[in-house]
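Here's the structure we're looking at; comments come further down.
As written, the chains take the letters A, B, C and D, and residue 1 is the first residue of each chain.
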Amino acid sequence: MTTTLNQKDILKRGAIWAFILVELAFFAIVGDAMSVSSKAFLSVDNMLLLLKQSAPIGIIALGMTIVMINGNIDLSVGATFALAAVVLLDSMTWPFMQALGDWAIPLAWGFALLTGVVLGAINGLIVWKTGVDAFIVTLASMLGFRGLVFMYNGEQPTSHLNWTLVDFAEAQFLGLHTATWFLLGAALILWLLMTKTVHGRNAYAIGNNREAAVNAGIRVGPHFVLNFMLIGFLAALSAVVFYSESGSVNPNDGMLYELWAITAVVLGGTKLAGGYGSIISTLGGVIAIQLLRKGLGHIGADTQTVNLVIGLILIGVLILDRQLNRKGQEELKI
Amino acid sequence: MAQLNKTEIGAFLAKQGILIAFAAFMIGFALANQRFIELDNVFGVIRSSAILGVMALGVTFVVIGGNLDLSVGSMMSFSTIVVLDLHDKLGPGLAILAMFALTLALGAFIGFLVGYLKLNSLIVTLGMLSAIHGLTLTWSGGKNMDIADKSGTWFSVFGQERVMGIPVPILIFALLAVALSLLLSKTPFGRKVYAVGGNGQAATFSGIPRARVVFLTYIVSAFCVATAGLLQASRSLGSQNTVGQGMELEVLAAVILGGASLMGGAGTVFKTVIGVLILGFIQNGLLLVGLDFYVQYIVTWIIIILAVWLDVAAKRGRLWSPIA
Amino acid sequence: MTDQTPVLRLEGIVKTFPGVRALDGVAFSVLPGEVHALMGENGAGKSTLMKVLGGIHAPDEGQIFIAEEPTVMTSPMQAKAKGVVFIHQELSLADELSVAENIFLGELPLKGLGRVDWPKLYADTDAILKTLNVGFDARTRVGDLSIANQQMVEIGRALTVDPRAVIFDEPTASLTDAEKVVLFDVIADLQSRGVGIVYISHRMEEIFKITDRISVLRDGQYRGTLNTAETDEDEVTQLMIGRSLDLSRNESHHEMGDVALEVRGLGCGALYQDVSFSVRRGEVLGFYGLVGAGRTEIAETIFGLRTPSAGQILLNGEEVRIASPIDALGHGISLVPEDRKSQGLVLGMNCRDNMTLPQVDDLTAGPFVSDGAEIAIFDQYRDKLDIRTPGWRQIVGNLSGGNQQKIVIGKWLSMRPEVLIVDEPTRGIDVGSKSEIHNLIRELAAQGFAVIVISSEMPEVLHVSDRIVAMFSGRVMREFTADEVTEDNLIQAISGITDDKVA
Amino acid sequence: MNLTRKMALACTTAVLGTAAAAETMTIGITQNNVGVDSYQTTYEKAFIAAAEADPDVEVVVLDAGGDVARQIAQVEDLIQQEVDAIIIWPTNGEAVIPAVRKAHQADIPVVVTNSNIAEAGFDFIASFSGPDNITQGSRAAEIMCDKFKDMGIEDEAGIVQISGQPGYTTAIERAKGFEDRLPEVCPNVTLMETQPGDWNREKAQQVMEAFLVKYDDIDGVYAGDDNMGVGALNAVKAAGRDGIIFVGATNFAVGYEAMAAGDYWGSIYQSPVDDAEAALQTAIDILNGEDVPFLNYFDTPKITQDNMGEFTKPVF
């Protein structure tokens, strides 16, 4: 990073990875004692699978990180995810697309990604032009976009199974699954964006002190729009990666994804108030959650336990973070 | 002079915009379908909005106090399942008492985390959304809860009976709305909620126990959730574990539509009731004119944006945001 | 000097808002190498004028000239590009970013693909930091810097261009005296490079120390320009408020009662240690010291907002334990906090509700708050403090700073405290309201309140106090009576010079 | 074509099966959404109980929580754990096909339970075990029609349908069975509208409330399961309407009770215990190299107020 890290920063950034190590150790020991499977939890294959399974929420969470660093939030990503999936699968059934054969695939991807970008732009423009808080704008568009999903195909699922597409999505290159490549690729590009580019640094500045950024001549409105387009794009990319493989989307798919993505981002240490956070830590947060799910499944925990544990861990992290930031007894009691 | 008029109109619109929109909707739907304003239909809409409405009343307190509560949906399913389960074990009276006690305990836990430990309410209640759902499933073992003897219990009175021709859920909703409106606007506690939400630090400097006030807003919210669970359980005398799921965002939408500010310090119980009714009547009106249920999502989207936009526009004195 | 071309000149600027003529034909010019003070009460039009200059508001009439070139300003950035730079009163920095990123905020150097050119950024920043002669480097996180150093970063921003004119808006509001010296050096350096300085401040001593000319605005109108060397505080004040202001030493001597509050050996971790003092009924005890000397923290401890690590607090001779503001209020202690907007008021609430907030529990009829009782209190203190508001329904955020401060004071007076602590009673308040508040403090003492005034402004402390406690770095250096205090020994005491400390 | 495929499968599984039988066989199941209703919960309990009763069987029990992505991940996990067979209760009959293919490619036989996957995936599964939902739909139509004939309103009756979760094969098949059969037996009964109730009692209650607002005259309600049927019944009771004939499917305890109380006319008797045991047995049979039918239906008879005495009250 560009600024000198102080000790607390290192502690904060390391926390999520330490947590992952604890999880790994726990599931490796307890898991192998409790699971009926003879395969070790900690095998390379299983870890590669873990990365792949982290992709759908993970790609969205990366975008959420940027929006949250900006001091905004996007609650509509789940609905964007679903609508992009509908466009992806439905567009491949259009007559002219069918005539294109396999060339329809990249085009369908393009349509889906464009859908995400447009939805993101709608959110961004509303936030910019009306000045209404992003939480409210995207809470409302979460409903609105979901409405659009339903309008498209009523309550019926949209399906199109294309084996070429499935084969591509299931492929492994250098041991990593396609979805993993997309997750890691997106993480790398966004990491570069946030640490190396003017846009990324401005994102931190705006989240940190919006007024200062405005006074310094940063055009905050268009900046917001760009970031909302980015998260829309990533929500659509997540849909493209996932639905290329599964080929059918229910209109309710992606519900609660926004909450999972936010959970991952917060676990990764990004501040809700904006101005602080990192793409790499979010990746850690995503992996931590997926690991928890996978591990609890491995040792035979049921749904209620998983829900309970994830909820309490989130609160635990918050308490820990607060303790880390305490100034001690001298603190003003407000 | 013309400009002055414009700002005045703007201010009026913003202040009463939500009522005007409500009136416009009612008139529009009434013209489209006579049945819309028949007493039976109106009662029907309010009755089915009552559960959402009761929860929104509580969330209004939390939001004015400067926090969020995303756990109300999950908590409502907990209340419903618990009271139904205990009904056959303890009898209706004790079951209701026990359910209120347990729900208030959950509210107290959240209130403790947000109020006394000063944790971020969005994340705490997000975590509790998941955790309470787990708790509910553990309680029920994943089974539907049903009262065995459905016709022989007075428990159905809250959800199904009428008093003086008015359905009981409407009465409970109305009574609670009046009581909470008085609590918020007329009592010292209500004043403190506004102060804590408006400027928590200034409230502390004024000798207001901020942590306790925030804690109490979650207690009020939990009480409302318990009441909603009671209505829900009494209405159907049986329930799945999924009841109430996803309602947290609908509740929040109603509260926001009513004009409560997410920054805290602004909003009223009365306006929240209007917000709830708008959502209810839109849903009903769109169904009556023959549109699919999902059209209401899109309409709600637009209405929320317009309502909040008008509100912030009036506060800053110009329609478009000054953000460069 | 007079035959030089002004770097910046405004002529006949008129700006009206609905119902208000905010600027009415204002003229103003800055010569190269000059420090030109712009003064006026709050609401006199200074900030509107600056917004016109920064292109945030377009003037209805009038013209702006930069180096005698007629110029239309469209944004602060465009102004900066033309060499007119603003340094704002409230720090506007991004804490999480580095010094370099803050200094070049909005104009980070690019090197293709939208990437930041880090080497160039750091080199440029280091060059600027060198001229400012500061002890931190370009990579430091701004959040880790002291307030004064953050101010330096803010000034560093002005130097990313070759400025023609720099506008300082209350730059010393949060600086210690030592830090002010550094700031004034920087200003002198800019001056020597031929930059014109516009210096906005309420602080007379600074104005007379560093400026060449003083221009005064009142009610949006230009009231004239004075040569600093040829005028005095009285004349300037008269121009600003239309009458003269009494800021003499406190010489009233009235009867004092028993000791109301006594503090013995109080300490709070590293914030302050071994603090002892007492205040009697009818007495004003002044606390003077640099920002960070521990004055505010002592007040917060007495008010129950901090937990002391050592010492005792005695009220009327008996030791009390104060764990929260509620305890403090119960013991008859009130605190008018330092920061009016974030600690004193709920800005979105109306005047009455703000004023009665601490005692709302007691103003009830049955379970409900009694409207009548509340309005009675509000009316009483509105009259007593001469608060100018259309009515109690007025939202506090819409009042002027002086009236807001009076609401806060009224809030605490209406609690009928035995001990009233006032932290920075006149920060950010215009001269006219200032003297009203000073008189009020004296009156309260005369009525038998024990009053503690904490202030960073020496004239204020000298004006209102019967005794003065001088603090330095968390310790009481010396206690003065009004008779023995001089500006010199006070400054020495708060700067940690102990030579003449009386044993 | 079908025959050859089954032969091939039988061969591969036979080899696997003998290998596994020597030790114990590990069977993984990924369920749709346990805890969403009693049927699925009872199914899970019955499944675990049946597995525990068999010393040769170890089971890995997973729940997708209704999320397709999670279910696909669970299938991958089961493949990775090298279980001997996978039983899947699909969250989405089409979206899981590629995951099922993956299991097939890893030579792990897949049994689909309760709700079938779409035809495109038939090549990759060993068997389907569950109710015949088309037949259930037609039987429900017959129950409804017979009752209308008794009442003498078979030429004028108007009905509404509350279907299950859209995209869910069971929902689609039951609706199709009902809609195809109804005009054959009662050509003059009109199906006025169909709305999904998502297998959810609350949702069904809301849908019914809306129907009651829209239609003054409703003679019958067909619900995709009793859970939704009872939700609709609650709406009707609350609105004070009567004389409406309710027919459901998957007879729940609440439905049975409502029938006993005379509020609810009929349903289809389907036991989650039978469902779970059939699925497990199918998987075991396949692993033991036995020949199993591709569509392995268990019987789901009609139940009405007239014959309910022949059935015990459902436990869920």
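Here is the rule we go by: a residue touches a chain if its C-beta (ideal position, glycine included) is under 8 Å from a C-beta of that chain, and two chains touch if they have at least 3 such contacts.
Owing to the predicted nature of the structure, the values given are computational and were not obtained by experimental measurement.
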{"item": "Maximum centroid distance from subunit B, chain identifier (CA atoms)", "value": "C"}
{"item": "Chain centre separation (subunit B, subunit D; CA means) in Å", "value": "36"}
{"item": "Gap in Å, rounded to a whole number, between the CA centres of subunit B and subunit A", "value": "29"}
{"item": "Distance between the centres, which are taken as Cα means, of subunit D and subunit C, whole angstrom", "value": "73"}
{"item": "Separation of mean Cα positions, subunit C and subunit B [Å, integer]", "value": "44"}
{"item": "For subunit B, residues contacting two or more additional chains", "value": "137, 142, 201, 204-205, 324"}
{"item": "Residue list for subunit D, restricted to those that touch at least two other chains", "value": "34-35"}
{"item": "Sites on subunit A at which at least two other chains make contact", "value": "154, 302-304, 333-334"}
{"item": "Interchain pairs in contact, sorted by label", "value": "A-B, A-C, A-D, B-C, B-D"}
{"item": "Subunit C partner contacts - residues on subunit B that touch it in the complex", "value": "3-4, 7, 182, 186-188, 191-192, 194-195, 198-199, 201-209, 265-266, 324"}
{"item": "Interface residues, subunit A side, partner subunit C - complex", "value": "2-4, 6, 196-199, 201-202, 204-205, 208-209, 211-213, 215-218, 275-276, 328-334"}
{"item": "Touching residues (chain side subunit D, partner subunit B) in the complex", "value": "34-38, 40-42, 44, 195, 200-202, 205-206, 209-210, 212-214, 227, 230-231, 234, 237-239, 252-254, 257, 261, 316"}
{"item": "Residue ranges of subunit A in contact with subunit D within the complex", "value": "35-39, 43, 45-46, 49, 52-53, 56-57, 154-157, 159, 161, 166, 169-170, 242-243, 245-251, 253, 293-294, 297-298, 300, 302-304"}
{"item": "List of subunit B residues in touch with subunit A within their complex", "value": "70, 113, 117-120, 122-124, 126-138, 142, 200-201, 204-205, 210, 246, 249, 252-253, 256, 262-263, 292, 294-298, 300-302, 304-305, 308-309, 312-313, 316, 320-324"}
